[in-house]
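One chain, subunit A, links the two complexes that follow: it is found with subunit B in the first and with subunit C in the second.
Our next item is the complex of A and B:
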């Protein structure tokens, strides 16, 4: 009798979570399975009825394409340079906004606003600010005696401009760091102060270790995001100039919608998934040495 | 220097740094506001003036003239966001109830999978999802944008579940003694107590749907079905030299979220920190 009741309750449980089961199967398992399947075929169109199995040749072709290695290098730039710069920027801003002055709440509001601007609007604003002829930035620089800089048209500058844009919209990370900073116990600062530490020393000996779990979290989220950098590069310069902002996901998009090689796009997607998983795993492993969790000996 | 003088100097220094950084962060937004009120000729002036000569809203007229679909896109964006919000609340709360109130081994096995899907990079599913929606004949409809929200988004399930866990089980027991079942507990006990998390979900689902660019950009082909974001992207191509009109378009797309932020700042901040620190 009791087991019958339990079985009935399990059934009710599955009824309650059934929307998620359907959604998970349809929008997660099916696409994932499709990817793995098509990566070994030569299907060209989304609804292709005819295709052949080609083994690993998609993977071979992928590595032999010079554009692929270019996109991989660009993406590596956004991960290896972009992630530390954006994370440091967030931490610096959080520390500014953690200062104890009147009216700080108003400052916080204004720093967070850019994060809520739709990406297309952000790009419009950046085109207005960074416009080499009529933009406010070059006008400001010319007052300092610096000549016109072609921000979006220069292969060397387009990636830094995109990273700067990421700092501009980094409000969510700033909020996470701000909450972490507020949780650092005051008595720790007092303790190192008595030991004769200055501001810089107390930052490295108290602040950084105490907020290290938040740093790890932000670094992982930002790494995953920058591996998938696409929309900003697409809208700002269409991946240019001369492929300078042509990222890995941009390449996936092009393979599918311009070259109409959907199987190649899925091969690249799987490669990206493996790459992100590997890097996240390594970050987690490495972090054990640097991250301090309260309550741990 | 006396101590109080020192303190004043220190305070002034802090404000100076904060204000300098503020110029960098609010500056681009101010430049947008200024540009949208300029005439077209004014924007071609070298060196540019920081403020417009007079307040002039011609750019908005030009924007709606050049792009008669603007109204349509604004309506589309609101309709899609409203349907996403409704679906997120209904489906995620029901699923979260399942994951917070039942004792079955399946619960403990499935919930980690819900959390795992949060960590999967969405762009690796971009192409196969497109293939799926093509086969379902959903491309060039709003269904790819709306239906997933009605089938339990992992993020909102997590938010609801965390909240439900804080509601005492004794309230459930009392309802069972009165002859209630699972569904009565959910609708009569849990949901009436969950207004704060419903508000948070409304805000987050609306913001996320309004900010989404890639979804509508990939799946919607007909101009009259576009959302405002995708429409603006089309506009960048059409009138790349009409800076005031572009600024006006950007401004319109910011207004709904800006207003929401003004009235619901507390919820947004709490939501970001909650999910951030739990991850």
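Our next item is the complex of A and C:
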């Protein structure tokens, strides 16, 4: 009887999970397997009738390609510099929006609004704001006596502009932090206050540890996003000037759809997958030291 | 509990990252495939049969790039076709120029190519290598299509491997436009610069452009006190690094230079070529010409500079007259300014049939109508595109009038410079990234040329 019940439970389990398994297999495992297959060929299109197996030569060619190296360097910049800056920006905004001031609901709404604007529209606005000739930013700076700055035409400035754009549209991350901040028990602040802690100490001793799971979540999501940055680079400067904003995924896109080298695009995709997996693994490992789960203590 | 949570979080991030990457990288295929699946489906409507009888109703797809206005005009053309062939329904798929080619690649990857699609001479070799075109020689011969009305040089630009894979439908040409209102307005033209002559030299154009470039105090470049930070009007707007195929190349030819050598290598390191490059660098540094950032601020399209009212002259194609009319610009036209000889680019777009169409008869009927006398005459009557088929020349002149006759006349100066895969890569992939800023005086042009040379190897 017990065994029958267990079999029935197992059947129900697989019945309920089967849509996910089917979807996962069809839309992930099959494409992934196909990508791996094509990475070792010279196929110009998926499903091409004629192709040859080329072993690891796509991987060798990939590392010998200067544009690939540049896209990797740019992407590393967006991950190593961009993720901490954007995460810190989100946290700062969340803390501001967590303050108990009059009309805070309105401020929260305003700060979230840019996230609701489609990224394409946001980038167009950004292009207008940062245009060196007619942009409102340079117009404001000229009042302070600062000359025209070619924000998007300068190889050194275009990446910081994109990171700033990410902070601008970081409303979702801000919401996550805001929710986490709201969940920090008040009595902990009262306790450290009694112990004589000042605001900075209470931030580092109470706030940060208590919201560390949220920080880990945002960092991982933002890391994956920045590894795969595409829209901003494409729409803001088409990866320019001189490949300064040419991101990894933009390069994959160009390899596939402009250079018509799908096998190379697949090779790059697999490399990126391995890279993200590795970085995520390292982050997860490191998180043991920094992330505090209240429920586990 | 701790272990479970850790595993769950680990599994979640792993699945998330894998899904995002694979779906992200594959989504263009999938989207392209699924996005076009409807069209493919339309294309396949009732197409269990491989060769439908012409009399039976059939739906085919036709894809092309263009602005909303251009697509509207194409739809009008297709309506005429469908009136003539009521058993064939043509579904128009329109995209902008930038996404058109990526979409075509995605369609090819997903096996959902449109039955008939527009081509550019610049992409024939590149897409010919993918094998997406149906060879037309046999079909044209069998059906008796009159090729004699189309210039041999235009036909040659639509051949791949010696085989006709596309038929030219228009022969667009690049000219030089100016805004008559700026020249006529004493406030905007205080020095009374004359309009450029029909065959202007660059020395003439530069002189005019200098007089028409004004700062907020009405001073010109080179004058004492000229405020380069507060320019309110530019004499000209060109961006040779971002328009290599349709502007820089004919200008190089005009000075006896070339963009690429016959072997596909870069040809920008000759004294004649450097003279051309230095001319544009100098004009931009002197602030007579717009910088890329200024072009971006003026709308981003160098060939539409005069629609802003802040640019006196710019190069453009004959199709840009539509934009000028929409912007109520009273424009004048000359040939492209020359260094030594008049040169321009004739850009013949064409029509091709996909290699795997299931409606070959209907697709051919549409192709032959669009490229033949009937469709070309209808195209000519619209007055915006120059028909490639000589049978429609009179209709074009009758519609476009004598003012636009210059577009036909300019074709005599067209350079013969076919696109190879390397040249396509240079123009569309590497060139703009490397040369746009250096040719505007921002960056090391020697290093950029070296960089391009290495990439083209």
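The rule is short, and it goes like this: the second predicted complex is superposed on the first by the 269 of 297 C-alpha atoms of A that agree within 3 Å, B and C clash if a C-alpha of one lies under 4 Å from a C-alpha of the other, contacts with A are read in each partner's own complex, and residues count from 1 in each chain.
By definition in this document, contacts are C-beta pairs under 8 Å (C-beta built on N, C-alpha and C of every residue); 3 or more make two chains touch, one makes a residue touch a chain.
A quick note: this is a predicted structure, and the numbers were derived from the prediction, not measured.
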item	value
Fit-or-clash call for subunit B and subunit C when the two complexes are aligned on subunit A	clash
Touching partner for A:145 - first (subunit B), second (subunit C), both, neither	neither
Subunit B versus subunit C as contact partner of A:196, first or second or both or neither	neither
Which partner, subunit B or subunit C, touches more subunit A residues	B
Partner chain in contact with A:252 - subunit B first, subunit C second, else both or neither	both
First (subunit B), second (subunit C), both or neither touched by A:293	second
Which superposed partner A:26 touches (first subunit B, second subunit C, both, neither)	first
Contacts of A:156 with subunit B and subunit C, given as first, second, both or neither	neither
First (subunit B), second (subunit C), both or neither touched by A:99	first
Touched partner set for A:228, first subunit B, second subunit C, both or neither	both
Residues of subunit A contacting subunit B in one complex and subunit C in the other	27-28, 31-32, 35, 46-47, 127, 131, 133-135, 142, 221, 224, 228, 230, 249, 252-253, 256, 262, 265-266, 269, 272-273, 276, 280
Contact set on subunit B toward subunit A in their complex	11, 14-15, 17-18, 21-22, 25-29, 31-32, 35, 43-48, 50, 91, 94-95, 97-99, 102, 104, 106-107, 110, 113-114, 117, 119-132, 134-135, 148, 150-154, 157, 182, 186, 207, 210-211, 213-214, 228-230, 232-233, 236, 243, 246-247, 249-251, 253-254, 257-258, 261, 265, 269, 272-273, 276-277, 279
Subunit A - residues contacting subunit B, complex	6, 9-10, 12-17, 19-20, 22-24, 26-28, 30-32, 34-35, 38, 46-47, 93, 96, 99, 101, 104, 107, 109-114, 116-121, 123-129, 131, 133-136, 139, 142, 168, 172, 175-176, 179-180, 214, 217-218, 221, 224, 227-228, 230-231, 235, 249, 252-253, 256, 262, 265-266, 269-270, 272-273, 276, 280
Subunit C contact footprint on subunit A (complex, rising order)	27-28, 31-32, 35, 44-47, 66-67, 127, 131-135, 142, 147-148, 150, 152-153, 220-221, 224, 228, 230, 238-243, 246, 249, 252-254, 256-260, 262, 265-266, 269, 272-273, 276-277, 280, 284, 293, 295-296
Parts of subunit C lying in touch with subunit A, wherever the complex brings them together	1-2, 5-6, 9-10, 13-14, 16-26, 28-30, 101-102, 105-106, 108-109, 111, 126-127, 129-130, 229, 291-294, 296-298, 425, 428-429, 432-434, 436-437, 442-443, 448, 454-455
